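Scrolling down, you'll hit the structures one after another.
Below are two complexes that have chain A in common, paired first with chain B and then with chain C.
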Partner chain A sequence: MTAVTANDVSLSWYEASARQRIDALVDAGSFCEFIGPELREISPHLSIFDLPAQFDDGIVIGRGRLDGASVLVAAQEGRFMGGAFGEVHGAKLTGLLRAARTLKQDVVILFDSGGVRLQEANAGELAIAEIMRAVIEARRARVNVVGLIGGRAGCYGGGSLIAGTCSRLIISEQGRLSVSGPEVIETNKGIEEFDSRDRALVWRTMGGKHRYLIGGADAFVEDEALAFRQAAIAALGAKRGCNAAALEAEQKRLERRLQRFGEVEDAIEIWQTLGIDDPTDVPALPTGAFLRAANDRENADDAR
Partner chain B sequence: MEKLSFRLSAPKRAGGTRTQAIVGVVASGNLEVLLERASPADTCTIDIATAANGFGAVWDAVVRDFVARRSAGGLRISINDGGARPDTVALRLAQGVRKIEEPER
Partner chain C sequence: MTLDDILTSLFPNGRSIETSGAMIAGRAVLPDGGSIHVLGLTQGEPLGLDEAIVLAGRVIQIVKSGDRAPILVLVDSASQRMTKRDELLGLSEYLSHLAKALLLAEAEGHRTVGLLYGGSAAGAFIATALATGTLVALPGAHPAVMDLPSMARVTKLPIDVLTAKAEATPVFAPGLDNMVMSGGIHIVWDDAAPLAPQLAALLRLPHGRDDRGRLGAERGGRRKAADLAERVEHAAASHQAA
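Let's turn to the complex of A and B:
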């Protein structure tokens, strides 16, 4: 038994790279990478578009220890092609999740993704489907799959669908979680529907605080690697398994939520309905005060 | 895309025992540098794939300066470049050597 080496690295999750996040997340020095950059498993598609590749195709996978327990870890690099899923990128995550099921080891996914890489969209979409299936199959084998969201690219498109299948989600204020990104909504529905340049609107519609308040995420943490580490350790202790009863309860919860908030025009109205005293102050609240104000948030416990 | 290769004689051998190191990411104005111990101890090879065509002379100057100043002997360096400026390239190369020379935990 290896002694646990606590990790007390202080680091902004939002600013950090995928490799820095992993190093700060797991027990100090415990990470061992699979299919590292030296193997040069690069995208077979990007060169066709005359685009530069990255040796790890924008995702780092491997094994580390969290508070002494062995876990499998995947971290997307949001700065390389917006952390988007391509063929190799997706295959690495699928393989890791299938290994998790076989080895009965929990998985932590560090999301930082705009969705599917448009240059290899078919392969990317297939990868999303394979990953979602692999997450569910791992969970049915009583493996916990925990998602961490707090990166620059947020967690959008196919990334958000995968996040929706996870056992637990941990999010920071900077983390954004949504199927369609701000620009996509504006392009398709018009600027009257959604002004993607209105940052306050983007954050109060897709940001971590709102997602936590409406039960879209299970834990809300400071933009700090240590906070993500502690929340991940706690989340891995959560209830295991995934069955029809859990999915039916989740479906009911979403129906109730839609009934309660479906007619609402803006997030602030939702926060008001939740009974938050000064809903317009929510974006400015520091973490501690926010968590106290969020006491009556929408329940996320039936979820997942 | 343009591919460039250099094989330079290096006055100083890279220290440390790590077999590889990687720094940076491929993004606009940024690059990743993968360092491996593969060349003979008095040689440094550098392979570059860059998104910016036509800057061979600038790369030549930057990598020669790097090999002359830093301990790059015995390294095989591979670069994926997203159009980084020469100062960023020099910085990443220096970070890379420092990282491969770090003591192992």
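Let's turn to the complex of A and C:
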């Protein structure tokens, strides 16, 4: 082992900024940013909407050390344009993933995104497609791509599809992982389909506990930077490729989920089927008790 | 052109394609006698988990067959299905799984071609057409990221303001021309000419790395993405020594 400067910063992941999260995630003082704000690579499109630009376009990328090992890191800033993917924002992540493949270096992506930035929708949509391809090409070169989900903006839309290409996902209770956001479902299908103001419904349908229970995430952690750091170190410990066997296993896993739960009306019923004694209590359970109750959850293992 | 017109024009040498709901699947014969797999999401329907798992299963079977034949994916869809059930059961995983299956097929030696002949939007577009190695379109195709009422709600802009900006701004507005300019669509085929030779010509072109960024820069719809991604790659490689 190389000498590691342990990182023991206590920080709420949900409340923190992208830069605070990176500083607390990697070994103390080890982060080096690429194409930083001093280069002022701003979105060329936001001014059309009279919206202010940000010098990093809402994503910080670079390299740091995790428990002594060199990793590439990308962190979205949910407080700028909801962490949404625009042309510049997306290209920074695409470039980082292509570098990961060439350099054979693992990647950690700190998701915090509402999805495609609608003010530059075509560029954002294509960025999502390019990033997904770059993730798979990196994984096929035996590079791990680990996603962390626990930010304010959640992980929605195209962000959730990128998350689905990662080798491992780590989520906190505050993390939400979903394609259509609550407001989008309500706008399109009506309040009878989804009441976006029913926060309890949002959390139990899209939140971290539910995703962990159905195997949509591999690790569940406290809303604490140190917990994300430890889980990320563990997730990077094993090499996982992306081949036909992995996708066949995922096919079986997702078919099984539909068979088991395809007819249920609410998350509570799923949790009950998963052997949780008092499923209505799940949202209130602290992390330790929740993890014990989640013993018979659906586990993704390497099927992703 | 109807789907049947398109398939007839694409495969004059014969095809065996089954329809199941809004999905099609089967095989067809190329002009050179070779075989091609055909999959599709049709009738402008949304893509939910029930459809995604079936299409992905087909793709994985094709990969396992080891025949390395090309795969054509026809797309005329809505967006991802927006229901509580789909999201409750983890729609993002199902859509990613379908995209990954298509990316895997290409990596395992199958040429993958998307043919957008109608609509497609958002997650459905990403999981199907945009996950193929080369995406082409027919005139009249109408890709979009999100419909304007949803955009209005998310951006908190009045719909008339949004409509006006959509007409003035290529990077944001839905539509085929803008998606071509952004590099997402390789070429728009001529629907007045037979499609079989156009497909054969496309399959003869070499295909390697993702060139959508470069196309977007050349066509002026996405001027920064390709250059910036390359600069990041260089920065990562040169900081390597430090």
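The criterion applied here is as follows: the second predicted complex is superposed on the first by the 300 of 304 C-alpha atoms of A that agree within 3 Å, B and C clash if a C-alpha of one lies under 4 Å from a C-alpha of the other, contacts with A are read in each partner's own complex, and residues count from 1 in each chain.
Keep in mind that, in the parts below, a residue touches a chain if its C-beta (ideal position, glycine included) is under 8 Å from a C-beta of that chain, and two chains touch if they have at least 3 such contacts.
Quick caveat, the model's predicted, so the values are computed rather than measured.
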| item | value |
| --- | --- |
| First (chain B), second (chain C), both or neither touched by A:Asp50 | first |
| Touched partner set for A:Arg63, first chain B, second chain C, both or neither | second |
| Which of chain B and chain C A:Ile22 touches, first, second, both or neither | neither |
| Which superposed partner A:Ala219 touches (first chain B, second chain C, both, neither) | neither |
| Touching partner for A:Val108 - first (chain B), second (chain C), both, neither | neither |
| First, second, both or neither for A:Arg79, with chain B first and chain C second | first |
| Chain A: partner with more touched residues, chain B or chain C | C |
| Contact residues common to both interfaces of chain A (with chain B and with chain C) | none |
| List of chain A residues in touch with chain C within their complex | 32, 34-35, 41, 44-45, 48-49, 61-63, 72, 87-88, 90-92, 94-96, 98-100, 102-103, 114, 116, 118-130, 132-134, 136-137, 140, 157-158, 160-165, 177-181, 183-185, 187-189, 193-194, 205-206, 210-211, 214, 216, 242-244, 247-248, 250-251, 254-255, 257-258, 261-262, 264, 266-267, 270, 304 |
| Complex interface listing, chain A residues touching chain B | 17, 19, 28-29, 36-38, 40, 47, 50-55, 77, 79-80 |
| Chain B - residues contacting chain A, complex | 1, 20, 22, 25-27, 30, 32, 34, 36, 49-51, 78, 80-82, 105 |
| Touch list for chain C against partner chain A, complex | 49-50, 53, 56-57, 60, 63-64, 80, 82-84, 86-97, 99-101, 103-104, 107-108, 122-123, 125-127, 130-131, 145-147, 149-151, 153-155, 157, 165, 168-174, 178-179, 182-184, 210, 212-213, 216, 221-226, 228-233, 235-237, 239-240, 242 |
